[in-house]
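Listed after this line are the structures, all set down as structure tokens.
Next come two complexes, and both contain subunit A; in the first it sits with subunit B, in the second with subunit C.
For the complex of A and B:
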């Protein structure tokens, strides 16, 4: 087994998860123009819903997966209607919406803790191990990579080729002009939250199958997704995906030289480097100050 | 573009009656009355801050109308949502060459027909719009931000025409354009009028725009100070309004 191949493969797997988180985060940020940090809590809800349906309720595993993702998508839309829409109605600034998203994340984390408890949960699955290119990979890890790539391609198609995707880009570009052609921005925000939360739900389910569940899991993942998005470009979905894979690879290759406890520190160092020297990200356009 | 059906009762095409509007607590218009005929170019001129753009916004539900009525083809549309006004045949081209800069020219035009479901109809309209603005045909797959100022203005107008409107509201189409480009834009405005679309245009460049306007409204401090045909340009009152009461 080659250590280098194993580390690269681990980096790709981590990058695939981060990319799902980052693409949803970046989509919501791009359209609504505020950072929805509660996106991480949505992801954790997805993972815990899978546990509830598959383990606690004993439903068929695939039915539990579908239900968990559907309810998570709806949960995102409800968050938009209940918290963000009333704030937009009173013309709250992006800073106020950001604070609301952090408060929402804290509230949901507390609710997860109250409902499911603090102890670590596991969704039992059959997970055979393969040898591929000199590295060890599990069946679920292969699923993570394939599902992530397929979903990211579907998201690209949605944004580029469908009327809804173009309308989302139009609202992201110029909300006032979008209104003059008959686009209802509030409807577009709802769709954006549903799609973004769907991606978070899929990420939550995939992590729920592969790893243990704990109430704070969404916080570290949304920070990784955010870091990936900053590296690539916060407002560009392809940028966020690229940045996420770079983050996954750097984190996993970095622990070849550093103790594994420094894995999260690597992400923060990368975040600071990009915020200082390339805040627009690798694929972002340079913003000129007025 | 095919000539549009004529509106039977021309006196009831678009009317503003005692309209008072503004933004929140800031009132801009005070009892504005206007009558716009179909197939006319109606021009609104006046000094900065007179409330010209607010008139257009009042017709498109983009500001607060406190009092008065906006009537279109005999129907009261004062409280009607924007998308219903679009369905009734009103389109607006906002000030400042506003395009969807990250979308291609083709996507911008498609968004102009957002309310239209039939794909064939969208393609037909796009062909007609590109007939008006051939320069856009060559740049169909370029992002709108890469266009020149004049091309962006044409794209914004083309996007408005994609809705096949009977009334096109144009907010300062010549703003920031070179004189030659401005003349091209005004030529296009005339072409659109000749094909049967009524145009209500706000313009700072009064001298150039008045040459082809059928009717002119002069606005001063949120009120209609004068209205009539091109002959009103010779009036001394116009000079007073534009020069702040000091005649040369």
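For the complex of A and C:
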């Protein structure tokens, strides 16, 4: 019995992390209409910045956390200005932006590898272990679940109840009409990238505390994030969150039957099935055309 | 002497990868299928041929079988995915690559997982002879792919890329055309993968990595979509550009990442400033 509880709990923890990645990814996809794969590299940057500030520079831990998240948020905006904005200017298609984002991801991964090296890094923290319903859970894992739920609620509030959120939804809905009522889409894109990268930065910091850092860490996480988003619905944040928790649970319960090395394969197969049979996702209404 | 060996080594890789670039062009440039599964086909060709060859199967059989396996995979992949459009097709084919990588890592009984396959037999012993073989095979592959792209079948694929609905109205089975072209594209990628495995003599699951995908797309887009000349020149340019770094004397731990950064940077610059590449006839639409 306790194994089942443990697997479900592990699924929820994984789901919470995927949800943070997926919500940023699908926020950016919803507003800008292309798949920002480099989101994973942004996340890895967040984790490595935490390592740099907290371990290498020896700053106060909380200061390091705040700095890492702030710099990561800005980093996302810089990517938007340097790469995506010029591409939008020449009216590049979403396919070109997709390829550009993969190129950007490998660029940043390689840069991380060149700067910090290939060896695995850890950020040392105190991490007491609890027992919950016969399952083992660490303090940091509890923090992960709490922080991601709070952030997702905040994001939902931001999108529903603030002027900025309304403007973002307007641009997502119809950029031209939004423009005619005086919304500057480029400004909204900047905010979108800052908020999305902020979520990635928080995810990077949380993962950086809980697990080890390695240069390719962002790749597998962004794959999990967009798989979660595709399962729920690419363009809707609640859908992306729902899909992420489903993915976390299926992956972790799946290793009851399969060797744990196949955890990733489970995600890819789910991704594949949803893309083929329900590309609009569980919560999406219409299939997007070309 | 060392310098000549280095030039020969570079020329062999250029020969192998020029086949990869043209084959990617068949799907992406000539047919308009944004296929991110190309490293998957390359890897299948390499793995199938290597696994057969270390069991003692002749290379005359193992390399073609590897290429055929890739072609079959290409057609199977095309069946469900070619009805997907644009970035959804890209996502699905990328997912396919990741599944293959995951299988290569975890199916340890067959693939030896992360340990990889060492001691793959070479096609010929000396590198000079190997270069000769590669040049001949690359020329033959180019002629074959050029013929495919200029045939009625290839021209129909180009028509499908430009206007699928119109091609359908002319009574063309657009689905079968796309599936078969993806199959041909995979066939030559798998063939090149086999050559690669029997040159390097060692492969591991990293062959399915995303870095190689960026290299392939950089070569393709620098050369230009739907251009035969572009595929060859794009490959040569991309292989030569990072080489001077080798002589500056960076440590090898920095050299590898720098090469990848250069490939990614070139791809970004060309997408922004010259989306048609050097000789491209079309761009992404």
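Assume the second predicted complex is superposed on the first by the 286 of 290 C-alpha atoms of A that agree within 3 Å, B and C clash if a C-alpha of one lies under 4 Å from a C-alpha of the other, contacts with A are read in each partner's own complex, and residues count from 1 in each chain.
What we mean here is this: a contact is a pair of C-beta atoms (placed from the backbone, for glycine too) under 8 Å apart; a residue touches a chain by one contact, two chains touch by 3 or more.
Every value quoted in this text rests on a predicted model; they were computed, and no experiment measured them.
After superposition on subunit A, the partners subunit B and subunit C are seen to fit next to each other with no clash. Within the superposed three-chain model, A:170 lies in touch with subunit B and out of touch with subunit C [touch as defined at top]. In the superposed model, A:113 makes contact with subunit C only, not with subunit B. Taking subunit A as the reference, the larger set of touched residues comes from C, when subunit B and subunit C are compared.
In the superposition on chain A, A:95 contacts subunit C only, with no contact to subunit B. In the superposition on chain A, contact of A:147 is made with neither subunit B nor subunit C.
Within the superposed three-chain model, A:261 lies in touch with subunit C and out of touch with subunit B [touch as defined at top]. Once the two complexes are overlaid on the shared chain, A:269 sits against subunit C while remaining clear of subunit B.
Of the two partner chains, subunit B is the only one that A:181 touches; subunit C does not reach it. Of all Cα pairs linking subunit B with subunit C in the superposition, the shortest spans 18 Å. Subunit A residues in contact with subunit B (one complex) as well as with subunit C (other complex) do not exist. Those residues of subunit C that touch subunit A in the complex are listed here as 34, 36, 80-81, 84-88, 90-92, 95-96, 98-99, 102-103, 105-106, 210-211, 213-214, 217-218, 221, 253-254, 256-258, 260-261, 263-265, 267-268, 271-272, 275, 283-285. Subunit A meets subunit C in the complex at residues 34-35, 83, 86-87, 90, 92-96, 98-100, 102-107, 109-111, 113-114, 117-118, 219, 223, 226, 230, 259, 261-262, 264-265, 268-269, 271-272, 275-276, 279, 288-290. Here subunit B touches subunit A in the complex through residues 60, 62, 82-83, 86-87, 91-92, 94, 98-103, 107, 110-112, 114-115, 159, 163, going by the rule given at the top.
Every residue of subunit A that touches subunit B in the complex is listed here, in rising order: 163, 166-167, 169-170, 172-174, 176-184.
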